[in-house]
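First the structure, in the form of C-alpha cells, and then the observations on it.
Think of it as A, B, C and D in the order they're written, each chain with its own count starting at 1.
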Amino acid sequence: MAKKSYREAINEAIAQEMRRDENVLVWGEDNAGGAGGEGEQDAWGGVLGVTKGLLGEFGPERVLDTPISESAFIGAAVGAAATGLRPVAELMFADFMGVCFDQIYNQAAKFRYMFGGKAVTPLVIRTMYGAGFRAASQHSQTLYPMFTHIPGLKVIVPSSPYDAKGLMIQAIRDDDPCIFFENKVMYDDEEEVPDDSYTIPFGEANVIREGEDATIVAFGRMVGMARQAADALEKEGISCTVVDPRTTSPLDTDTILECVEDTGRLVVVDEGYPRCSMASDVSSIVAQHAFKALKGPIQMVTAPHAPVPFSPELEDEYVPNADKIVAAVRATLA
Amino acid sequence: MAKKSYREAINEAIAQEMRRDENVLVWGEDNAGGAGGEGEQDAWGGVLGVTKGLLGEFGPERVLDTPISESAFIGAAVGAAATGLRPVAELMFADFMGVCFDQIYNQAAKFRYMFGGKAVTPLVIRTMYGAGFRAASQHSQTLYPMFTHIPGLKVIVPSSPYDAKGLMIQAIRDDDPCIFFENKVMYDDEEEVPDDSYTIPFGEANVIREGEDATIVAFGRMVGMARQAADALEKEGISCTVVDPRTTSPLDTDTILECVEDTGRLVVVDEGYPRCSMASDVSSIVAQHAFKALKGPIQMVTAPHAPVPFSPELEDEYVPNADKIVAAVRATLA
Amino acid sequence: MQMNREDLLKSYSTMRTIRDFEERVHEEFASGDIPGFVHLYAGEEASAVGVCSHLENRDVIASTHRGHGHCIAKGCDTREMMLELYGRGEGLCGGKGGSMHIADIEKGMLGANGIVGAGPPLICGAALTAKYKKTGGVAVAFFGDGGSNQGTTLESYNLAKVWNLPVIFVVEDNGYAEATSSSYAVAGDQLDRATGFGMPSARVDGHDYFAVREAAGEMIERARTGGGPSLLHVMLDRFFGHFEGDAMTYRAEGEVQNIRDNKDCLKIFRKRVTEAGLLTDEQLDKIDTDVMAHINACIDESKTASPPSLSTLTTDVYISY
Amino acid sequence: MQMNREDLLKSYSTMRTIRDFEERVHEEFASGDIPGFVHLYAGEEASAVGVCSHLENRDVIASTHRGHGHCIAKGCDTREMMLELYGRGEGLCGGKGGSMHIADIEKGMLGANGIVGAGPPLICGAALTAKYKKTGGVAVAFFGDGGSNQGTTLESYNLAKVWNLPVIFVVEDNGYAEATSSSYAVAGDQLDRATGFGMPSARVDGHDYFAVREAAGEMIERARTGGGPSLLHVMLDRFFGHFEGDAMTYRAEGEVQNIRDNKDCLKIFRKRVTEAGLLTDEQLDKIDTDVMAHINACIDESKTASPPSLSTLTTDVYISY
C-alpha cells in the first residue's frame, strides 16, 4: 500500500485488469500518444496522462490511438463489446458527448433490451468532467445527469483515488455499459490505495460520516466540499451525515432514504446544472419515499442555470463550495 | 376559427410567420420531399406531413430538403441564426439528437454566453417525441429533460393544437434557441384554433382546472391523461388542479408553487424516463420551495427505467395513463 | 468462385424467402395486424444474399431500418423474425425490438438499426474483435445512399482504414432516402469517397446476384487476409415505399412497374441459371412453393401467438434485471 | 491578384501581430498569469492571413481551439482579445469565453471553438445566409488535419455541395492532432476527399503567404459567383506544442528548430518582398517594432485589468437575462 493519486489509481486499475483479462483493450485520442510520428510513442497517455505507460506494457494491439472521430471509435467500442472484447474507451471530455451520443444511449444502452436479452455490452467509457480548470463552457461540464437519465447505462462518479480504483475494476468486469466520470481537478489528489486488485460494488453508497441534524448527499468532487462543510458545521454543534452514492446509476436509494429517516433533513450537492439534475433526482426520490421523515425543506446546491464561465473569478463563484453547502444546511434547519 | 389538428396548427403557425418575415426558412429531411426525383416535389412535408404545402407557397429557396446529415444541417441552422436568418429546422425524431447534439447544446445554447452577450441565435428545432406509435426504443423517447438540463435552450412541449400554434409563433419570434417538442400521437388531435396569428408567452403555465385536494403537473400528451384522471377523481369527490407548464425551460415555477400552496399535494406526470427527469425536476423544486405547504409525499408518474418496448401490449403498459395518475393522487392523499 | 448446384439453390431459396417474407408482410401490414414502422427490402435481395453467401458465423454484419433481408441472408430464423414483427413473446427479440431492431448476435447479426448510419461504427468494433482475436472473420456494414451522408459512416471509413480493419462497407443505393433522391442528396460519387479514404471500391449492378457475389467475394477475401477495408456500391431498387404506408408520389409514374418487370433480381437469377443449364425451372418452382408455404405458416402462427408477458417490461435493461 | 504596397504592408503587419501575440502569450503563460487551455497559432500565420486578406465584413469565418490567428486576421481587436485571454471584464467576450471562444460576430468571426469539427456545420449556415440574402458573401471554415476526421466536417462537405453554398473549407494540416501524427490518423488524401464530394480542391505550401493567398483567392471568387464550395489543403507547421505545457516529446528532435529556421512564413515573406523590391527591410522593421510595442501594451494592460463583475455570472444566458 502506498499513496497514489486519482490518476495513478485509475491507471493501475486498468493495467491490472489488462493483465488479468486479455480481452481488455484501451483506446482513445492519444491514449498512447505519438502514433505515426518520429518522437516518443507513448508520449501522452491521454491528454492528462491517465493511460500513460500502458502502451509499453501491453503494446499497440491493446492500446490504440484513434483519429478524432468519436462516433466511430466510441461506436467501435460498442461493437467490440457486443462481439467479445471488453474495451475501455476514452471520450476525452464529457462535453464531447454531443458528437457521439447516439452510440452510447441508442446503441450501447439499448442493445440488451431491444434484442430481448440476447446481447451483453461490457464496455467502459472513461470521460473527464467538471469545472475548475478555467477551461470554459465546452470543457467544464458535468453532464452525468444526462447519462443517468438513460436506462441501460451505469454511471460511476468516483470521489477519491481509493474509490476510483475499485470502481474502475468493477466497471471493467461489469457486463453492462459503464460511463466512468473522472473529475479533472482531482487527478493529483492522493491517498493510500492498496496495490492489490479490489472491487467496489455499484449502487452501494459510502456513508462518509454520520450525524444527527442533516444528511448531505454529494457526488464526485462535491464529496470533498460536503466534508469540509460538515467539519465547519460540527464546530457550531451541527452534525451531518455525508453520503457519497459513488454511482448515480444504479443509485443506492435505500441508504439515502435511511440517512434521511435518521436526520430528517436533506441537502443535495451536485456540481452540474440545476435543472433535471442529480440534485433534482435525489431530492425527488426523497420527497416521494421519505416524506414523512422530512422536517424541513430539501435544499439543493448546484451550479446556476448558466454555462461555465472562463474567468477564474466567475468560475470560482460558479462552482458549489463548502460555504454554500453550509448555508444550505442552515436553511434546511431554519 | 375552425377545427384544426395539432399538425395543421403547427403548419399554419410556420406559414404565417414565413409570410410575415422573409428571414424565416424551413429545412429538414423531406421537409418538402421529392428533391431530385421525377415525381411530386412536395411529396411529404416531413415524414408525418407537418410542413406539407410550404414548398408550394414559399419555394425551394425557403423550404429546403437536406441529406441525412443532422450535424451539418442542424449546425447550419445555428450558423444561419447567428448571421441573420430565423431557421425552423427539423430533427425528425428527438431520438436522433445523438448524432447532432453538439451543435445544439455546445453551440446554439452557449454562443450568447461564451461570446459575452454579443450573439443572438434565433432558431427553432422542431422534433417529434413520445411513445405510442409502436416504433420501439429508438423512435419513441421523450428526452426533453436532457434539453431542459442545458442552460441557454428554451424547451417547448405543447399539449394541444391551440397551444401548438401560439407557442410555435412565439418560438419563431424568440431570439433564443428553441426546441419544439411535438408529440407524434397527437398530430391528428383537433380543436378550435383561431385563424389569426397569436402568441403564447414562454414560462406561463396553463392552469387547466382548479381543485382543492391535489395539484397534478403534467407535460405534453400527459396533460390529457391528467385531465382524464382529474375527471375520474372528481366523481369520487376528489378535486384536482391540473397544471400544464407548456414550456419546461423556462418553467413557470411560480404558478406551480402557488397551486401546491393551495392544494398541499403534488403529483407530477412525465412521459419520459424517471431519472433526472421533468418529474424529478418539478418535485425537487416544490420540495425545496413549497415544503411547508406539502401535506403528503410527492408522487411521480413516469415511464419505468427501461427503454421503450416494441410490442403494443408492453408499450401500453409502459406509458403513464390516467389510471396510474389516479393511483398516484390517491397515494399522496393517503 | 465457382458455385455448385447446392450453393445456387441455397442462394435462390434465400432470396425467395426474403421476397416472400416482404411481399406477405406488405399485405398483412395493409390489413392492420403488424404494428409500427416497417421498411421492406423486396427488390434488393441480390445484395444481401450476394454478400452474405460468403459469410460464416464468425463474420458479423450490421444492418439498417430496412433489415429483414440482411437478417434472413445472415441466417436469422424467419419464424422468429415474423413473430417479432408481430410483437410476440416468442419473437427473436421477445417482442421488444420489432422490425427495426431484429438481431441475433450468435449468428453474427448485430442488429437492424433505427438510426441511419449507426451500423458502420459498430462494425468497426466487430472487425477489431475479429482482428485482435485472429478469427479470420470479417465485418460488413450495410447502409443506404442516405446513410452514406451520415457523419458516423464517413468517420468509420477513416477509422477502418487507419486501423486496417477487415470491414466491407456496402452502400445499397436504391436511389432514395425516404422521398429524397440520391441524385440530390449525395454529392460526388461513392467510389470517389472511398478513394478519399484510401479504400479500394467497386460498383455493381445490384439486380445481378452474380455480380454482387463476385465483387463482394474479392473484398471479403482481401479483408480476411489482412488487406483492410473496401467499399461496395450496389445499385438497386426497392419495390415498395420507404415504409409501409408511403404513397410514393415522389417516384416517376410507372417506375416501380418497370423495375418489377425488368430489374427483378429473382427473375434475372432464374433466367441466368436456367439458360446456362445450371438449374431447372422445376427446381426453382419447388423452392417457390415451399418458401411461400413456410412464410404463410410463419404468418399464421404469428397472428395468433401470445404477446410477451407484461413482466418482461422491465427485464433485460441490465444484466441483473 | 496583384497586391499593392499597402496590401503587402497590411498582410505583413497582420502576420507579425499574430506572431508576436502568440510568442508573448507563450512567455506569459509560462509565468502562470494566463489561465486555462491555450493553443498557439505561431508558425501558421500565412494561412489565416492569406485567406482572410480576401475577406470583408460580409464574409464569415469559423475557427477552432487554435483560434487567435484567425481572429486577428479577420479583424478582431487584439487588445480586447488579450484582455479576454486574461479573463478580464473588458475582454472581447466579457471574460466569459477565454482563448477557446473568442468571437466577434459583427466582424464575421463566428468564434473559436472548443469542439473539433464544430465550425464546418456552422459555416454552412452562415453561407446559406449569404446566399439567401444575396450579399455576395462567402463563408470559410478553418480546421485542422485532426478536424478533417470528424464526421461533422465530412457531412458539411456534402451539405455545402448539395446546397451549392459559398463555402471554403480550409484544412490547416500541421501534421499533428494533439500528439497524433496526421500520417497515422488521416487515411487517404484531403484532395481526394474533396473529390469524393464533388468539390474542387488544391494543396498549397502554408509557409508561403502568396501561395495561400492565390489559391484561396480563386476559391473565394468561385464561391462569390455561385460556383459552390471548395477545399484548400494548407501544409504548415506549428512552432509550439498542442497546448501550452505540452512537452512535445512526440516530435522528432530538432523538428521545431528546423521549422523556425527554414519554414518561418514571416521570414519567407520578408525575403520575397525585399528581394523583389516591393518593400524595404526598414518598412518591415518598423512594423516589427510597432507591433511588439502594441502587444506589450496589451499584455501590460491585461495583467492589471479588472475581472468581470460577479453579477455577470448569470447574464447573457438568454436574451432576457
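In the analysis below, contacts are C-beta pairs under 8 Å (C-beta built on N, C-alpha and C of every residue); 3 or more make two chains touch, one makes a residue touch a chain.
Every value quoted in this text rests on a predicted model; they were computed, and no experiment measured them.
Participant: Computing the C-alpha centre of each chain, which chain sits at the greatest distance from chain B?
Facilitator: The most distant chain relative to chain B turns out to be D.
Participant: Centre to centre, by mean C-alpha position, how many angstrom separate chain B and chain C?
Facilitator: That pair's centroid distance is 35 Å.
Participant: How big is the gap, in whole Å, between where the Cα atoms of chain B centre and where those of chain D centre?
Facilitator: So the centroids are 39 Å from each other.
Participant: Nearest whole angstrom, what separates the Cα centre of chain A from the Cα centre of chain B?
Facilitator: Computed value for the inter-centroid distance: 30 Å.
Participant: What parts of chain B, by residue number, touch at least two of the other chains?
Facilitator: 66-67, 69, 71-72, 95-96, 98-99, 102-103, 106, 113-114, 136-138, 151-152, 304-307, 309-310
Participant: For chain D, which residues are shared contacts with two or more other chains?
Facilitator: 93, 95-97, 101, 113-115, 149-152, 155, 158, 162, 184-186, 317, in rising order.
Participant: If each chain is a node and each touching pair an edge, is that a line, ring, star, complete or other?
Facilitator: Its topology is that of a complete graph.
Participant: Can you tell me which positions in chain A touch chain B when the two form their complex?
Facilitator: Contacts found on chain A: 71, 95-106, 109-110, 113-114, 136-138, 145-146, 148-152, 249, 251, 272-273, 275-281, 283-289, 291-292, 294, 296-300, 304-307, 309-310.
Participant: Taking the complex as given, what residues does chain B use to touch chain D?
Facilitator: 25, 61-62, 64, 66-67, 69, 71-85, 87, 102-103, 106-107, 111-120, 151-152, 154, 174-176
Participant: Which stretch or stretches of chain C touch chain D in the complex?
Facilitator: Listed in rising order, the residues of chain C that touch chain D are 149-155, 157-158, 161-162, 184-189, 192-199.
Participant: For chain C, which residues count as touching chain A in their complex?
Facilitator: 60, 62, 91-97, 101, 103-106, 110-111, 113-115, 118, 120-130, 132-133, 139, 151-152, 155-156, 158-159, 162-163, 315-319
Participant: What part of chain A is in contact with chain D in the complex they form?
Facilitator: Per the touch definition, chain A meets chain D at residues 29-30, 33-41, 43-44, 47, 65-72, 95-96, 98-99, 133-139, 304-307, 309-314, 317-318.
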